[in-house]
Amino acid sequence: MRLLLSNDDGCHAPGLTALRAALAEISDDLVTVAPDRNRSGASNSLTLERPLRVNRVAEGLYSVDGTPTDCVHLATTGLFEQDADMVVSGINHGANLGDDVLYSGTVAAATEGRSLGLPAVAISLMGENPRHFDTAARVAVSVVRLLIDHPLPNDTILNVNVPDLAFEELDGFAATRLGNRHRAERLIEDSDPRGRPIFWIGRAGGEADAGPGTDFHAVAQGKVSITPIQIDLTQHNAVSSVGEWVQRL
Amino acid sequence: MRLLLSNDDGCHAPGLTALRAALAEISDDLVTVAPDRNRSGASNSLTLERPLRVNRVAEGLYSVDGTPTDCVHLATTGLFEQDADMVVSGINHGANLGDDVLYSGTVAAATEGRSLGLPAVAISLMGENPRHFDTAARVAVSVVRLLIDHPLPNDTILNVNVPDLAFEELDGFAATRLGNRHRAERLIEDSDPRGRPIFWIGRAGGEADAGPGTDFHAVAQGKVSITPIQIDLTQHNAVSSVGEWVQRL
Amino acid sequence: MRLLLSNDDGCHAPGLTALRAALAEISDDLVTVAPDRNRSGASNSLTLERPLRVNRVAEGLYSVDGTPTDCVHLATTGLFEQDADMVVSGINHGANLGDDVLYSGTVAAATEGRSLGLPAVAISLMGENPRHFDTAARVAVSVVRLLIDHPLPNDTILNVNVPDLAFEELDGFAATRLGNRHRAERLIEDSDPRGRPIFWIGRAGGEADAGPGTDFHAVAQGKVSITPIQIDLTQHNAVSSVGEWVQRL
Amino acid sequence: MRLLLSNDDGCHAPGLTALRAALAEISDDLVTVAPDRNRSGASNSLTLERPLRVNRVAEGLYSVDGTPTDCVHLATTGLFEQDADMVVSGINHGANLGDDVLYSGTVAAATEGRSLGLPAVAISLMGENPRHFDTAARVAVSVVRLLIDHPLPNDTILNVNVPDLAFEELDGFAATRLGNRHRAERLIEDSDPRGRPIFWIGRAGGEADAGPGTDFHAVAQGKVSITPIQIDLTQHNAVSSVGEWVQRL
């Protein structure tokens, strides 16, 4: 059972280090390919304009000067002789709830595993400066072990969010759907030391659709949220109405 | 009717120039905010680690040193006093079919319009070196005009792919679902002039699910493919089975 | 007489546009290779880790996704069949006086011309938001024309700084040495919108050695400053004392 | 005696690790501020367009998402309460001989120390894949120790190149001037996997001025080359002739 690990906080991030240590309990065949630096917010971006470099940082740990998607892509298209059996991404420093998923490099690393039809898990620890990586690591071990023993369909991507609590303080696990955030906050206008204008992307919006059943709701209850994610972006129930609409063109 | 335009090939790309010229027929209130350079493959990546700079290139044309998502995000969170009514992204140099959509910066610019609940359209012209931007521009005008006169639900994102043909050679329009590609081709290993190894991301896989009803099929017939896209990544039909599975944890 | 033009403010910068227009008076064989975006402060940095792309922006105008040094390097090592006879870099938006020269991409583009033994000129227009590009362009024409008619030794690099005044208000030309600035100002500590610390490089220090004979002094008098620059970094008068010192090792 | 260390190969490079370990023999007050990744060829480039982030990697070891010059600049303009007494940069993976110095990030880190009037040393180990970091580290200790006991003038920057040999195989030390390389080799034209042209900067030229007295000559003899470097780029002996030339303008 070869596990391929990645993340978006970079190959030296404490979250990834905790994940590597924990999953070593399950498998003696771990390989980690992660960005050489923080690539949060990278989404599914692929580097097509330039070649990538792969650096062996330590035994079983490789860094790439690219995105999380680049890392998993290379690792599953020929970087290694042996194929992986599952992709595990994280432990992200901060939540990936609701709309965050669209921008998340952590989730993107997991979804990239789909190109092999591999089961994939993304694990995030909530909070701006989360501390309980050991909690998230224990959750990761449980989820991955269960996924090995009781597989879900091959195209399953699990998005796991863990409250930043001691393991004993968690209130169990919940299968959820993604909630929604309000529209992002206003951009932040500032000027650099030379007086020229600069703009920061504003903070993510607050919770909008965060009722029972959503990931937001689960974690607010102290539960670990587990959301099955898909990557088919077709809005299937709109195809026929668009079909009628198209007649007018 | 304020139209917000963007793309991922950069603010000076011929595809964007053609789109701006064509949509000027429809609205006298166009504003374009596009990356300052080619950002193909950027997906929904957001720049959170550094501030962005906005440069006024010409009347109504602004460049940003960021991703397509950054461009639309800034444009809809305070860069301008007036809100936009619709987002149009493109004309992309090359197709965005099937799995491409996940990585596409062009589609990401359109989906970012959702933060305002805006209707949004992404338009791509097929081919490695496409020539018929005038065809795609006419298609864009038709689609946007129809969308103004006969609105679709607010969260609708249309992904439009146009064969690289003269307008008269097109065989109409088809509402489609996204097809699928085969797994990507193997990475390409090479060495730089100093003898050190480098890796290129391999080419996208060939068509796998490309039967009737798919975008691949439509364009192969010479039709313009129009796919309604969603951004809810929850795999809804798996939530309950994952709910049972979670009981074992 | 083929003139190779470059700059560090990017291929669309008004300063470069003014320079191209003005030098067209002197030569009908201008070729411009400039960074695709602002690369101020790039110094002599060369891009060795990745390949570069060259884009033909317009007739005789090429952009490179690299540094000013990359641009001149490519242009003089095989990008064109014909060799250039002189390198002209600018018009920089802002002064390049004293210690600035060490960091300047504009000056670096000129010094890179040395690899061919070409005469080279860097031209900068003073001020944070300089306006009199026409003045600097006229100066450029005069200097380049004189350099053609009355060549200086081949390894000569001229660093020209032009006060931001109408041409008639200039008080002539002065050959100068580089002055010195005081130590740079303190770094500027700030935090990003997510509360994490960021640091900006502080402003350049004020003038320290700015007496008669220096570039600082000349421009303060309303003169165009012309400083001959070398690229031999050996501190020749220290070699023998270091030779004695080394005996102790 | 506070020693400030940096390099251009990145904070995790073996050369820097060897230097840190060796200099700990001399001083118990070492602080290292280095780029978060390989920034070879960065020259004196300064990052002015965006803010920098500083990350504490380990006790006394900080990484910056910028250039070597950025690292030393921040470290000497307020990042720490205490000022440094000397800057040591390296151990570079590869030689910095002759014209290389102009492009070198390693040397630039040392020269940036001048803003404080600090003595500064750049140390490079020759070869494409150098092995004898212990040799270069011993050389570094000797040079730094001698510089402490027998200071050279404050503006002294020493550029040290060490042959990739066992320490016992070295044939002593030589004070040298910088030699010269031939013009760089032709650019290397290639195409990416999508068939579009790319260009690599060609290899550095061979040795041109490499006779007795030069750094090239010393290292070819198996000696450690030590070159005193200056940062005054004025070509002083040309100022008066340019003064006459300028009269014609």
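Think of it as A, B, C and D in the order they're written, each chain with its own count starting at 1.
The working rule: a residue touches a chain if its C-beta (ideal position, glycine included) is under 8 Å from a C-beta of that chain, and two chains touch if they have at least 3 such contacts.
Per UniProt, the chains are A, B, C, D = 5'-nucleotidase SurE.
Keep in mind that what you see is a predicted model, and the values were worked out from it rather than measured.
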Work out which chains are contact partners of both chain A (5'-nucleotidase SurE) and chain B (5'-nucleotidase SurE).
C, D
Please identify which chain has its centre, taken as the mean of its CA atoms, farthest from the centre of chain C (5'-nucleotidase SurE).
A
Could you see whether A-C or B-C has the larger number of C-beta contact pairs?
A-C
Distance from the CA centroid of chain A (5'-nucleotidase SurE) to that of chain C (5'-nucleotidase SurE), rounded to the nearest Å?
45
State, to the nearest whole Å, the distance from the C-alpha centre of chain B (5'-nucleotidase SurE) to the C-alpha centre of chain C (5'-nucleotidase SurE).
39
Where chain D (5'-nucleotidase SurE) touches two or more other chains at once, the residues are 48-49, 51, 53, 192, 194, 200-202
In their shared complex, at which residues does chain B (5'-nucleotidase SurE) touch chain C (5'-nucleotidase SurE)?
12, 36-37, 48-49, 57, 65, 192, 194
Residue ranges of chain C (5'-nucleotidase SurE) in contact with chain A (5'-nucleotidase SurE) within the complex
49-51, 53, 128, 188, 192-195, 200-203
Hey, which residues of chain D (5'-nucleotidase SurE) end up touching chain C (5'-nucleotidase SurE) in the complex?
38, 40-49, 51-54, 67, 69-70, 73-74, 77-79, 99, 101-103, 105, 108, 111, 115-116, 142-143, 146, 150, 152-153, 156-158, 172-178, 183-187, 189-190, 192, 196-202, 226-236, 238-243, 245-246, 248-249
